[in-house]
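Handing you a structure now.
The letters A, B, C and D name the chains in turn, as written, and every chain counts its residues from 1.
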Amino acid sequence: MSRREEMASKYFHCNIRERAAFEAGIKLGTIYHQFVGTPVASSNVASLEKAIEEGVMVQPFVEDVKVNIDRTQLREKKNEFDYQSLTGSMISVELTIRVGEVLTIAVMRYIEELNYPLMYIKEIREQVEE
Amino acid sequence: MSRREEMASKYFHCNIRERAAFEAGIKLGTIYHQFVGTPVASSNVASLEKAIEEGVMVQPFVEDVKVNIDRTQLREKKNEFDYQSLTGSMISVELTIRVGEVLTIAVMRYIEELNYPLMYIKEIREQVEE
Amino acid sequence: MSRREEMASKYFHCNIRERAAFEAGIKLGTIYHQFVGTPVASSNVASLEKAIEEGVMVQPFVEDVKVNIDRTQLREKKNEFDYQSLTGSMISVELTIRVGEVLTIAVMRYIEELNYPLMYIKEIREQVEE
Amino acid sequence: MSRREEMASKYFHCNIRERAAFEAGIKLGTIYHQFVGTPVASSNVASLEKAIEEGVMVQPFVEDVKVNIDRTQLREKKNEFDYQSLTGSMISVELTIRVGEVLTIAVMRYIEELNYPLMYIKEIREQVEE
(Lines give C-alpha, C1' and ligand atoms only; values in the text may rest on other atoms or scores of the structure.)
Protein backbone atom coordinates (compact mmCIF):
# COMPACT_ATOMS: atom_id res chain seq x y z
CA MET A 1 0.00 0.00 0.00
CA SER A 2 1.43 3.35 -1.06
CA ARG A 3 1.84 6.21 1.38
CA ARG A 4 -0.98 8.07 -0.31
CA GLU A 5 -3.35 5.11 -0.04
CA GLU A 6 -2.53 4.89 3.65
CA MET A 7 -3.33 8.57 4.05
CA ALA A 8 -6.69 8.13 2.31
CA SER A 9 -7.56 4.96 4.22
CA LYS A 10 -7.51 6.66 7.59
CA TYR A 11 -10.58 8.71 6.61
CA PHE A 12 -12.70 5.56 6.25
CA HIS A 13 -14.64 4.29 9.24
CA CYS A 14 -15.96 0.99 7.90
CA ASN A 15 -14.69 -2.46 7.02
CA ILE A 16 -13.09 -3.43 3.72
CA ARG A 17 -16.20 -5.07 2.28
CA GLU A 18 -18.21 -1.91 2.97
CA ARG A 19 -15.50 0.19 1.38
CA ALA A 20 -15.49 -2.03 -1.72
CA ALA A 21 -19.28 -1.63 -1.96
CA PHE A 22 -18.91 2.15 -1.60
CA GLU A 23 -16.27 2.33 -4.34
CA ALA A 24 -18.50 0.27 -6.66
CA GLY A 25 -21.38 2.67 -6.07
CA ILE A 26 -19.20 5.67 -6.92
CA LYS A 27 -18.21 4.14 -10.26
CA LEU A 28 -21.79 3.32 -11.30
CA GLY A 29 -23.05 6.78 -10.32
CA THR A 30 -20.16 8.22 -12.33
CA ILE A 31 -20.94 6.26 -15.48
CA TYR A 32 -24.62 7.12 -15.40
CA HIS A 33 -24.28 10.84 -14.78
CA GLN A 34 -21.19 11.46 -16.87
CA PHE A 35 -22.42 9.76 -20.02
CA VAL A 36 -26.23 9.91 -20.08
CA GLY A 37 -27.09 12.58 -22.66
CA THR A 38 -24.12 11.81 -24.94
CA PRO A 39 -25.06 11.77 -28.65
CA VAL A 40 -25.27 8.14 -29.79
CA ALA A 41 -26.07 6.40 -33.05
CA SER A 42 -25.07 3.09 -34.59
CA SER A 43 -21.97 4.73 -36.07
CA ASN A 44 -20.43 5.67 -32.71
CA VAL A 45 -21.88 3.14 -30.27
CA ALA A 46 -18.76 0.95 -30.23
CA SER A 47 -16.35 3.83 -29.61
CA LEU A 48 -18.61 5.17 -26.87
CA GLU A 49 -18.68 1.80 -25.07
CA LYS A 50 -14.90 1.63 -25.31
CA ALA A 51 -14.44 5.18 -24.01
CA ILE A 52 -16.73 4.53 -21.03
CA GLU A 53 -14.87 1.31 -20.20
CA GLU A 54 -11.45 2.94 -20.44
CA GLY A 55 -12.66 5.96 -18.45
CA VAL A 56 -13.77 3.61 -15.66
CA MET A 57 -10.52 1.65 -15.76
CA VAL A 58 -8.46 4.73 -14.84
CA GLN A 59 -10.39 5.16 -11.59
CA PRO A 60 -9.09 3.68 -8.33
CA PHE A 61 -9.82 0.04 -7.36
CA VAL A 62 -11.31 -0.96 -10.72
CA GLU A 63 -10.22 -4.47 -11.62
CA ASP A 64 -12.47 -4.98 -14.64
CA VAL A 65 -15.49 -3.49 -16.41
CA LYS A 66 -17.74 -4.41 -19.31
CA VAL A 67 -20.11 -1.81 -20.81
CA ASN A 68 -22.83 -2.68 -23.26
CA ILE A 69 -25.13 -0.25 -25.07
CA ASP A 70 -28.28 -1.88 -26.40
CA ARG A 71 -28.20 -1.58 -30.20
CA THR A 72 -31.86 -2.52 -30.51
CA GLN A 73 -32.80 0.83 -28.93
CA LEU A 74 -30.91 2.79 -31.58
CA ARG A 75 -33.28 3.87 -34.31
CA GLU A 76 -32.30 3.60 -37.91
CA LYS A 77 -30.97 7.07 -38.76
CA LYS A 78 -33.39 8.53 -41.24
CA ASN A 79 -32.10 12.03 -41.77
CA GLU A 80 -29.82 14.78 -40.68
CA PHE A 81 -31.70 15.41 -37.43
CA ASP A 82 -32.25 11.89 -36.31
CA TYR A 83 -29.81 11.11 -33.56
CA GLN A 84 -30.39 10.06 -30.00
CA SER A 85 -29.00 10.83 -26.58
CA LEU A 86 -27.74 7.97 -24.41
CA THR A 87 -30.31 7.05 -21.75
CA GLY A 88 -29.94 4.99 -18.59
CA SER A 89 -32.06 2.20 -19.97
CA MET A 90 -29.71 1.69 -22.93
CA ILE A 91 -26.60 0.95 -20.84
CA SER A 92 -25.64 -2.18 -18.98
CA VAL A 93 -22.46 -2.40 -16.95
CA GLU A 94 -20.73 -5.17 -15.03
CA LEU A 95 -17.92 -3.90 -12.84
CA THR A 96 -15.33 -5.61 -10.60
CA ILE A 97 -13.84 -3.57 -7.76
CA ARG A 98 -10.97 -4.82 -5.63
CA VAL A 99 -10.05 -3.32 -2.27
CA GLY A 100 -7.33 -5.39 -0.60
CA GLU A 101 -8.47 -9.01 -0.88
CA VAL A 102 -12.16 -8.15 -1.33
CA LEU A 103 -13.77 -8.30 -4.76
CA THR A 104 -17.14 -6.66 -5.38
CA ILE A 105 -19.06 -7.31 -8.57
CA ALA A 106 -21.65 -4.62 -9.21
CA VAL A 107 -24.13 -4.32 -12.05
CA MET A 108 -26.23 -1.60 -13.64
CA ARG A 109 -28.92 -2.77 -16.02
CA TYR A 110 -32.48 -2.07 -17.02
CA ILE A 111 -34.84 -4.41 -15.15
CA GLU A 112 -38.12 -4.97 -16.91
CA GLU A 113 -40.24 -5.73 -13.84
CA LEU A 114 -38.96 -2.54 -12.15
CA ASN A 115 -39.07 -0.42 -15.28
CA TYR A 116 -35.84 1.41 -14.53
CA PRO A 117 -32.09 0.83 -14.62
CA LEU A 118 -31.12 -0.75 -11.30
CA MET A 119 -27.64 -0.54 -9.77
CA TYR A 120 -26.98 -3.53 -7.54
CA ILE A 121 -24.29 -5.67 -5.92
CA LYS A 122 -24.15 -9.08 -7.53
CA GLU A 123 -21.44 -10.49 -5.31
CA ILE A 124 -18.89 -9.59 -2.65
CA ARG A 125 -16.23 -12.17 -1.92
CA GLU A 126 -12.83 -12.52 -0.38
CA GLN A 127 -10.26 -13.72 -2.81
CA VAL A 128 -8.43 -16.66 -1.34
CA GLU A 129 -4.87 -16.92 -2.59
CA GLU A 130 -3.62 -20.47 -3.05
CA MET B 1 -41.32 -2.28 2.48
CA SER B 2 -43.21 -1.71 -0.75
CA ARG B 3 -43.64 -4.46 -3.33
CA ARG B 4 -41.25 -2.67 -5.63
CA GLU B 5 -38.55 -2.37 -2.99
CA GLU B 6 -38.91 -6.10 -2.35
CA MET B 7 -38.46 -6.76 -6.06
CA ALA B 8 -35.31 -4.63 -6.17
CA SER B 9 -33.88 -6.11 -2.96
CA LYS B 10 -33.70 -9.62 -4.33
CA TYR B 11 -31.01 -8.50 -6.82
CA PHE B 12 -28.63 -7.62 -3.99
CA HIS B 13 -26.21 -10.23 -2.68
CA CYS B 14 -24.72 -8.44 0.28
CA ASN B 15 -25.69 -7.35 3.76
CA ILE B 16 -27.56 -4.17 4.64
CA ARG B 17 -24.49 -2.24 5.77
CA GLU B 18 -22.77 -3.02 2.46
CA ARG B 19 -25.83 -1.93 0.58
CA ALA B 20 -26.00 1.33 2.50
CA ALA B 21 -22.33 1.94 1.63
CA PHE B 22 -23.05 1.18 -2.04
CA GLU B 23 -26.02 3.58 -2.14
CA ALA B 24 -23.87 6.32 -0.57
CA GLY B 25 -21.21 5.81 -3.25
CA ILE B 26 -23.79 6.10 -6.02
CA LYS B 27 -25.00 9.45 -4.69
CA LEU B 28 -21.51 10.97 -4.38
CA GLY B 29 -20.51 9.78 -7.88
CA THR B 30 -23.76 11.30 -9.14
CA ILE B 31 -23.15 14.70 -7.58
CA TYR B 32 -19.60 14.94 -8.86
CA HIS B 33 -20.26 13.90 -12.44
CA GLN B 34 -23.64 15.58 -12.87
CA PHE B 35 -22.61 19.00 -11.61
CA VAL B 36 -18.87 19.45 -12.22
CA GLY B 37 -18.62 21.81 -15.18
CA THR B 38 -21.73 23.84 -14.28
CA PRO B 39 -21.24 27.61 -14.67
CA VAL B 40 -20.78 29.13 -11.22
CA ALA B 41 -20.19 32.62 -9.88
CA SER B 42 -21.00 34.36 -6.63
CA SER B 43 -24.41 35.34 -8.02
CA ASN B 44 -25.63 31.74 -8.47
CA VAL B 45 -23.65 29.74 -5.92
CA ALA B 46 -26.48 29.60 -3.38
CA SER B 47 -29.10 28.44 -5.88
CA LEU B 48 -26.68 25.82 -7.22
CA GLU B 49 -26.04 24.40 -3.75
CA LYS B 50 -29.78 24.24 -3.16
CA ALA B 51 -30.46 22.54 -6.50
CA ILE B 52 -27.77 19.91 -5.86
CA GLU B 53 -29.17 19.22 -2.39
CA GLU B 54 -32.74 18.92 -3.61
CA GLY B 55 -31.64 16.76 -6.56
CA VAL B 56 -29.97 14.37 -4.12
CA MET B 57 -32.98 14.33 -1.80
CA VAL B 58 -35.23 12.88 -4.52
CA GLN B 59 -32.99 9.82 -4.88
CA PRO B 60 -33.73 6.63 -2.96
CA PHE B 61 -32.49 6.11 0.62
CA VAL B 62 -31.32 9.67 1.13
CA GLU B 63 -32.11 10.83 4.66
CA ASP B 64 -30.20 14.09 4.62
CA VAL B 65 -27.59 16.01 2.64
CA LYS B 66 -25.61 19.23 3.01
CA VAL B 67 -23.74 20.70 0.03
CA ASN B 68 -21.24 23.51 0.33
CA ILE B 69 -19.46 25.30 -2.50
CA ASP B 70 -16.32 27.12 -1.38
CA ARG B 71 -16.88 30.84 -2.00
CA THR B 72 -13.19 31.62 -1.53
CA GLN B 73 -12.45 29.83 -4.81
CA LEU B 74 -14.85 32.05 -6.75
CA ARG B 75 -12.95 34.91 -8.35
CA GLU B 76 -14.30 38.39 -8.28
CA LYS B 77 -16.10 38.73 -11.64
CA LYS B 78 -14.15 41.30 -13.61
CA ASN B 79 -15.88 41.33 -16.94
CA GLU B 80 -18.29 39.72 -19.31
CA PHE B 81 -16.11 36.63 -19.84
CA ASP B 82 -15.10 35.96 -16.32
CA TYR B 83 -17.08 33.06 -15.02
CA GLN B 84 -15.97 29.69 -13.74
CA SER B 85 -17.01 26.08 -14.02
CA LEU B 86 -17.68 24.10 -10.87
CA THR B 87 -14.73 21.82 -10.02
CA GLY B 88 -14.50 18.87 -7.67
CA SER B 89 -12.27 20.74 -5.29
CA MET B 90 -14.89 23.48 -4.76
CA ILE B 91 -17.63 21.14 -3.47
CA SER B 92 -18.02 19.51 -0.11
CA VAL B 93 -20.89 17.19 0.68
CA GLU B 94 -22.07 15.38 3.78
CA LEU B 95 -24.72 12.78 3.07
CA THR B 96 -26.82 10.47 5.25
CA ILE B 97 -28.16 7.29 3.68
CA ARG B 98 -30.60 5.01 5.44
CA VAL B 99 -31.28 1.41 4.37
CA GLY B 100 -33.55 -0.31 6.87
CA GLU B 101 -32.06 0.45 10.28
CA VAL B 102 -28.58 1.21 8.97
CA LEU B 103 -27.38 4.79 8.63
CA THR B 104 -24.29 5.59 6.54
CA ILE B 105 -22.72 9.03 6.68
CA ALA B 106 -20.52 9.67 3.65
CA VAL B 107 -18.45 12.71 2.80
CA MET B 108 -16.86 14.25 -0.26
CA ARG B 109 -14.35 17.01 0.35
CA TYR B 110 -11.04 18.31 -0.85
CA ILE B 111 -8.24 16.95 1.34
CA GLU B 112 -5.15 19.10 1.35
CA GLU B 113 -2.61 16.36 2.10
CA LEU B 114 -4.02 14.24 -0.74
CA ASN B 115 -4.51 17.13 -3.14
CA TYR B 116 -7.81 15.84 -4.48
CA PRO B 117 -11.48 15.59 -3.46
CA LEU B 118 -11.85 12.36 -1.49
CA MET B 119 -15.12 10.47 -1.15
CA TYR B 120 -15.18 8.48 2.09
CA ILE B 121 -17.42 6.81 4.67
CA LYS B 122 -17.38 8.72 7.92
CA GLU B 123 -19.64 6.38 9.83
CA ILE B 124 -21.94 3.38 9.48
CA ARG B 125 -24.20 2.65 12.40
CA GLU B 126 -27.35 0.80 13.29
CA GLN B 127 -30.05 3.02 14.56
CA VAL B 128 -31.41 1.61 17.79
CA GLU B 129 -35.05 2.42 18.35
CA GLU B 130 -36.01 3.00 21.94
CA MET C 1 -15.66 47.19 -24.26
CA SER C 2 -13.11 45.90 -21.75
CA ARG C 3 -9.56 45.08 -22.76
CA ARG C 4 -10.29 41.38 -22.34
CA GLU C 5 -13.36 41.52 -24.57
CA GLU C 6 -11.26 43.26 -27.21
CA MET C 7 -8.67 40.50 -26.95
CA ALA C 8 -11.35 37.83 -27.39
CA SER C 9 -13.07 39.66 -30.24
CA LYS C 10 -10.05 39.56 -32.50
CA TYR C 11 -10.36 35.74 -32.75
CA PHE C 12 -13.77 36.03 -34.39
CA HIS C 13 -14.03 36.20 -38.16
CA CYS C 14 -17.70 36.88 -38.65
CA ASN C 15 -20.17 39.71 -38.21
CA ILE C 16 -21.93 40.62 -34.98
CA ARG C 17 -25.21 38.93 -35.86
CA GLU C 18 -23.37 35.68 -36.59
CA ARG C 19 -21.50 35.96 -33.34
CA ALA C 20 -24.74 36.52 -31.41
CA ALA C 21 -26.17 33.40 -33.07
CA PHE C 22 -23.03 31.43 -32.15
CA GLU C 23 -23.20 32.54 -28.50
CA ALA C 24 -26.87 31.54 -28.32
CA GLY C 25 -26.01 28.08 -29.65
CA ILE C 26 -23.30 27.63 -27.02
CA LYS C 27 -25.74 28.41 -24.21
CA LEU C 28 -28.43 25.99 -25.43
CA GLY C 29 -25.89 23.17 -25.94
CA THR C 30 -24.62 23.88 -22.44
CA ILE C 31 -28.04 23.68 -20.81
CA TYR C 32 -28.95 20.45 -22.53
CA HIS C 33 -25.73 18.58 -21.86
CA GLN C 34 -25.01 19.92 -18.40
CA PHE C 35 -28.44 19.21 -16.94
CA VAL C 36 -29.99 16.28 -18.83
CA GLY C 37 -29.71 13.31 -16.46
CA THR C 38 -30.20 15.36 -13.28
CA PRO C 39 -32.54 13.71 -10.74
CA VAL C 40 -35.90 15.47 -10.91
CA ALA C 41 -39.24 15.09 -9.13
CA SER C 42 -42.04 17.46 -8.27
CA SER C 43 -40.27 18.33 -5.01
CA ASN C 44 -37.16 19.80 -6.69
CA VAL C 45 -38.40 20.94 -10.11
CA ALA C 46 -38.67 24.60 -9.12
CA SER C 47 -35.18 24.78 -7.60
CA LEU C 48 -33.74 23.02 -10.65
CA GLU C 49 -35.33 25.54 -13.03
CA LYS C 50 -33.96 28.37 -10.94
CA ALA C 51 -30.45 26.87 -10.81
CA ILE C 52 -30.39 26.37 -14.58
CA GLU C 53 -31.53 29.95 -15.16
CA GLU C 54 -29.00 31.42 -12.76
CA GLY C 55 -26.24 29.21 -14.20
CA VAL C 56 -27.02 30.57 -17.67
CA MET C 57 -27.14 34.17 -16.43
CA VAL C 58 -23.49 34.04 -15.28
CA GLN C 59 -22.32 33.21 -18.81
CA PRO C 60 -21.18 35.97 -21.18
CA PHE C 61 -23.68 37.92 -23.32
CA VAL C 62 -26.80 36.53 -21.64
CA GLU C 63 -29.41 39.26 -21.28
CA ASP C 64 -32.30 37.11 -20.13
CA VAL C 65 -33.40 33.48 -19.85
CA LYS C 66 -36.54 31.59 -18.89
CA VAL C 67 -36.41 27.84 -18.20
CA ASN C 68 -39.49 25.70 -17.86
CA ILE C 69 -39.61 22.01 -16.92
CA ASP C 70 -42.86 20.34 -17.91
CA ARG C 71 -44.58 19.18 -14.69
CA THR C 72 -47.00 16.95 -16.59
CA GLN C 73 -44.11 14.63 -17.45
CA LEU C 74 -43.21 14.11 -13.79
CA ARG C 75 -44.86 10.97 -12.50
CA GLU C 76 -46.50 10.89 -9.13
CA LYS C 77 -43.78 9.51 -6.84
CA LYS C 78 -45.03 6.13 -5.68
CA ASN C 79 -42.16 4.78 -3.65
CA GLU C 80 -38.56 5.06 -2.63
CA PHE C 81 -37.22 4.17 -6.08
CA ASP C 82 -39.50 6.24 -8.19
CA TYR C 83 -37.61 9.25 -9.37
CA GLN C 84 -36.79 10.44 -12.86
CA SER C 85 -33.87 11.92 -14.71
CA LEU C 86 -34.32 15.19 -16.60
CA THR C 87 -34.72 14.58 -20.34
CA GLY C 88 -34.44 16.96 -23.26
CA SER C 89 -38.14 16.73 -23.99
CA MET C 90 -39.04 18.01 -20.51
CA ILE C 91 -37.17 21.33 -20.80
CA SER C 92 -38.11 24.45 -22.66
CA VAL C 93 -35.87 27.50 -22.73
CA GLU C 94 -36.18 31.00 -24.14
CA LEU C 95 -32.90 32.88 -24.14
CA THR C 96 -31.90 36.44 -25.06
CA ILE C 97 -28.29 37.05 -26.06
CA ARG C 98 -26.89 40.51 -26.65
CA VAL C 99 -23.64 41.19 -28.49
CA GLY C 100 -23.14 44.90 -29.00
CA GLU C 101 -26.45 46.21 -30.33
CA VAL C 102 -27.63 42.84 -31.64
CA LEU C 103 -30.22 40.83 -29.74
CA THR C 104 -30.75 37.15 -30.52
CA ILE C 105 -33.71 35.28 -29.09
CA ALA C 106 -33.15 31.51 -29.18
CA VAL C 107 -35.46 28.75 -28.09
CA MET C 108 -35.19 25.09 -27.15
CA ARG C 109 -38.43 23.17 -26.92
CA TYR C 110 -39.95 19.84 -27.76
CA ILE C 111 -41.73 20.04 -31.10
CA GLU C 112 -44.46 17.47 -31.52
CA GLU C 113 -44.35 17.18 -35.32
CA LEU C 114 -40.57 16.63 -35.18
CA ASN C 115 -40.66 14.40 -32.12
CA TYR C 116 -37.52 15.88 -30.58
CA PRO C 117 -36.38 19.00 -28.72
CA LEU C 118 -35.43 21.57 -31.35
CA MET C 119 -33.00 24.42 -30.74
CA TYR C 120 -33.78 27.35 -33.01
CA ILE C 121 -33.37 31.09 -33.52
CA LYS C 122 -36.67 32.88 -33.05
CA GLU C 123 -35.40 36.35 -33.83
CA ILE C 124 -32.27 38.40 -34.44
CA ARG C 125 -32.67 42.14 -34.34
CA GLU C 126 -30.67 45.27 -33.93
CA GLN C 127 -31.69 47.30 -30.97
CA VAL C 128 -32.30 50.87 -32.01
CA GLU C 129 -31.54 53.37 -29.27
CA GLU C 130 -33.76 56.40 -29.23
CA MET D 1 -33.80 18.62 -48.20
CA SER D 2 -35.88 16.00 -46.40
CA ARG D 3 -39.42 16.70 -45.26
CA ARG D 4 -38.26 16.75 -41.66
CA GLU D 5 -35.53 19.28 -42.36
CA GLU D 6 -38.09 21.47 -44.07
CA MET D 7 -40.32 21.22 -41.00
CA ALA D 8 -37.44 22.22 -38.71
CA SER D 9 -36.27 25.05 -40.98
CA LYS D 10 -39.51 26.96 -40.71
CA TYR D 11 -38.82 27.63 -37.02
CA PHE D 12 -35.67 29.60 -37.86
CA HIS D 13 -35.90 33.34 -38.36
CA CYS D 14 -32.39 34.14 -39.53
CA ASN D 15 -30.21 33.68 -42.57
CA ILE D 16 -28.19 30.58 -43.40
CA ARG D 17 -24.86 31.98 -42.19
CA GLU D 18 -26.42 32.84 -38.83
CA ARG D 19 -27.91 29.40 -38.60
CA ALA D 20 -24.56 27.77 -39.36
CA ALA D 21 -22.99 29.89 -36.60
CA PHE D 22 -25.77 28.84 -34.20
CA GLU D 23 -25.31 25.13 -34.99
CA ALA D 24 -21.55 25.47 -34.44
CA GLY D 25 -22.16 27.04 -31.02
CA ILE D 26 -24.49 24.20 -30.02
CA LYS D 27 -21.83 21.58 -30.80
CA LEU D 28 -19.07 23.34 -28.85
CA GLY D 29 -21.32 23.86 -25.82
CA THR D 30 -22.24 20.18 -26.06
CA ILE D 31 -18.65 18.95 -26.11
CA TYR D 32 -17.61 21.09 -23.17
CA HIS D 33 -20.51 20.28 -20.88
CA GLN D 34 -20.95 16.64 -21.82
CA PHE D 35 -17.33 15.63 -21.39
CA VAL D 36 -15.70 17.97 -18.85
CA GLY D 37 -15.37 15.89 -15.68
CA THR D 38 -14.74 12.59 -17.48
CA PRO D 39 -11.95 10.51 -15.90
CA VAL D 40 -8.83 10.84 -18.06
CA ALA D 41 -5.30 9.49 -17.91
CA SER D 42 -2.68 8.70 -20.52
CA SER D 43 -4.14 5.19 -20.88
CA ASN D 44 -7.57 6.39 -22.11
CA VAL D 45 -6.87 9.77 -23.68
CA ALA D 46 -6.88 8.44 -27.25
CA SER D 47 -10.16 6.54 -26.88
CA LEU D 48 -11.75 9.58 -25.24
CA GLU D 49 -10.73 11.86 -28.12
CA LYS D 50 -12.14 9.35 -30.57
CA ALA D 51 -15.42 9.01 -28.67
CA ILE D 52 -15.89 12.78 -28.50
CA GLU D 53 -15.21 13.10 -32.23
CA GLU D 54 -17.59 10.31 -33.16
CA GLY D 55 -20.23 11.67 -30.77
CA VAL D 56 -20.03 15.03 -32.53
CA MET D 57 -20.15 13.46 -35.99
CA VAL D 58 -23.60 11.94 -35.32
CA GLN D 59 -25.08 15.39 -34.69
CA PRO D 60 -26.79 17.33 -37.48
CA PHE D 61 -24.78 19.52 -39.90
CA VAL D 62 -21.37 18.34 -38.76
CA GLU D 63 -19.04 17.98 -41.73
CA ASP D 64 -15.82 17.36 -39.84
CA VAL D 65 -14.30 17.58 -36.36
CA LYS D 66 -10.87 17.16 -34.78
CA VAL D 67 -10.53 16.85 -31.00
CA ASN D 68 -7.21 17.05 -29.21
CA ILE D 69 -6.59 16.52 -25.51
CA ASP D 70 -3.33 18.03 -24.32
CA ARG D 71 -1.12 15.15 -23.08
CA THR D 72 1.28 17.51 -21.35
CA GLN D 73 -1.44 18.31 -18.79
CA LEU D 74 -1.83 14.64 -17.84
CA ARG D 75 0.27 13.84 -14.79
CA GLU D 76 2.32 10.71 -14.64
CA LYS D 77 0.08 8.28 -12.74
CA LYS D 78 1.80 7.60 -9.46
CA ASN D 79 -0.64 5.43 -7.61
CA GLU D 80 -4.10 4.00 -7.35
CA PHE D 81 -5.72 7.36 -6.63
CA ASP D 82 -3.97 9.47 -9.14
CA TYR D 83 -6.31 10.15 -12.00
CA GLN D 84 -7.65 13.39 -13.36
CA SER D 85 -10.93 14.76 -14.65
CA LEU D 86 -11.05 16.34 -18.09
CA THR D 87 -11.03 20.15 -17.86
CA GLY D 88 -11.90 22.76 -20.45
CA SER D 89 -8.32 23.90 -20.74
CA MET D 90 -7.15 20.41 -21.79
CA ILE D 91 -9.37 20.16 -24.87
CA SER D 92 -9.02 21.79 -28.24
CA VAL D 93 -11.57 21.30 -30.98
CA GLU D 94 -11.81 22.38 -34.61
CA LEU D 95 -15.23 21.82 -36.10
CA THR D 96 -16.72 22.27 -39.57
CA ILE D 97 -20.47 22.81 -39.84
CA ARG D 98 -22.29 22.88 -43.14
CA VAL D 99 -25.79 24.29 -43.59
CA GLY D 100 -26.73 24.35 -47.25
CA GLU D 101 -23.78 25.89 -49.06
CA VAL D 102 -22.40 27.67 -45.98
CA LEU D 103 -19.41 26.26 -44.13
CA THR D 104 -18.57 27.48 -40.62
CA ILE D 105 -15.29 26.59 -39.00
CA ALA D 106 -15.44 27.00 -35.23
CA VAL D 107 -12.74 26.43 -32.66
CA MET D 108 -12.49 25.85 -28.93
CA ARG D 109 -9.07 26.16 -27.40
CA TYR D 110 -7.31 27.50 -24.36
CA ILE D 111 -5.97 31.00 -25.06
CA GLU D 112 -3.05 31.96 -22.88
CA GLU D 113 -3.60 35.74 -22.92
CA LEU D 114 -7.24 35.24 -21.91
CA ASN D 115 -6.54 32.45 -19.45
CA TYR D 116 -9.61 30.44 -20.40
CA PRO D 117 -10.84 28.16 -23.19
CA LEU D 118 -12.38 30.39 -25.85
CA MET D 119 -15.02 29.22 -28.32
CA TYR D 120 -14.84 31.28 -31.53
CA ILE D 121 -15.70 31.35 -35.22
CA LYS D 122 -12.58 31.05 -37.34
CA GLU D 123 -14.30 31.34 -40.68
CA ILE D 124 -17.70 31.39 -42.39
CA ARG D 125 -17.69 30.96 -46.13
CA GLU D 126 -19.93 30.00 -48.95
CA GLN D 127 -18.76 26.97 -50.78
CA VAL D 128 -18.59 27.69 -54.49
CA GLU D 129 -19.21 24.62 -56.59
CA GLU D 130 -17.22 24.49 -59.79
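In this section, a contact is a pair of C-beta atoms (placed from the backbone, for glycine too) under 8 Å apart; a residue touches a chain by one contact, two chains touch by 3 or more.
It should be emphasised that the depicted structure is a prediction, and the values quoted were computed from it without experimental measurement.
Identification of common neighbours of chain A and chain B yields C, D. Comparing chain pairs B-D and A-D, the larger number of C-beta contacts belongs to A-D.
Placing every chain at the mean of its C-alpha atoms, the farthest one from chain A is found to be C.
Each chain gets a centre from the mean of its Cα atoms; for chain B and chain D, those two points are 30 Å apart.
The mean-CA centres of chain C and chain D are about 18 angstrom from one another, to the nearest whole unit. For the pair chain A and chain D, the distance between mean C-alpha positions equals 26 Å. Taken residue by residue, chain D touches two or more other chains at 4, 8, 30, 32-34, 37, 81, 114, whereas all remaining positions touch fewer.
If you check the complex, the residues on chain A that touch chain B are 4, 7-8, 11-14, 17-19, 21-30, 32-34, 106-107, 111, 113-114, 118-124. For chain D in complex with chain B, the touching residues are 32-33, 36-37, 81, 85, 87-88, 114, 116.
Note for the complex: chain D touches chain A at residues 2, 4-5, 8, 30, 34, 37-41, 43-44, 47-48, 50-51, 54-61, 77-83.
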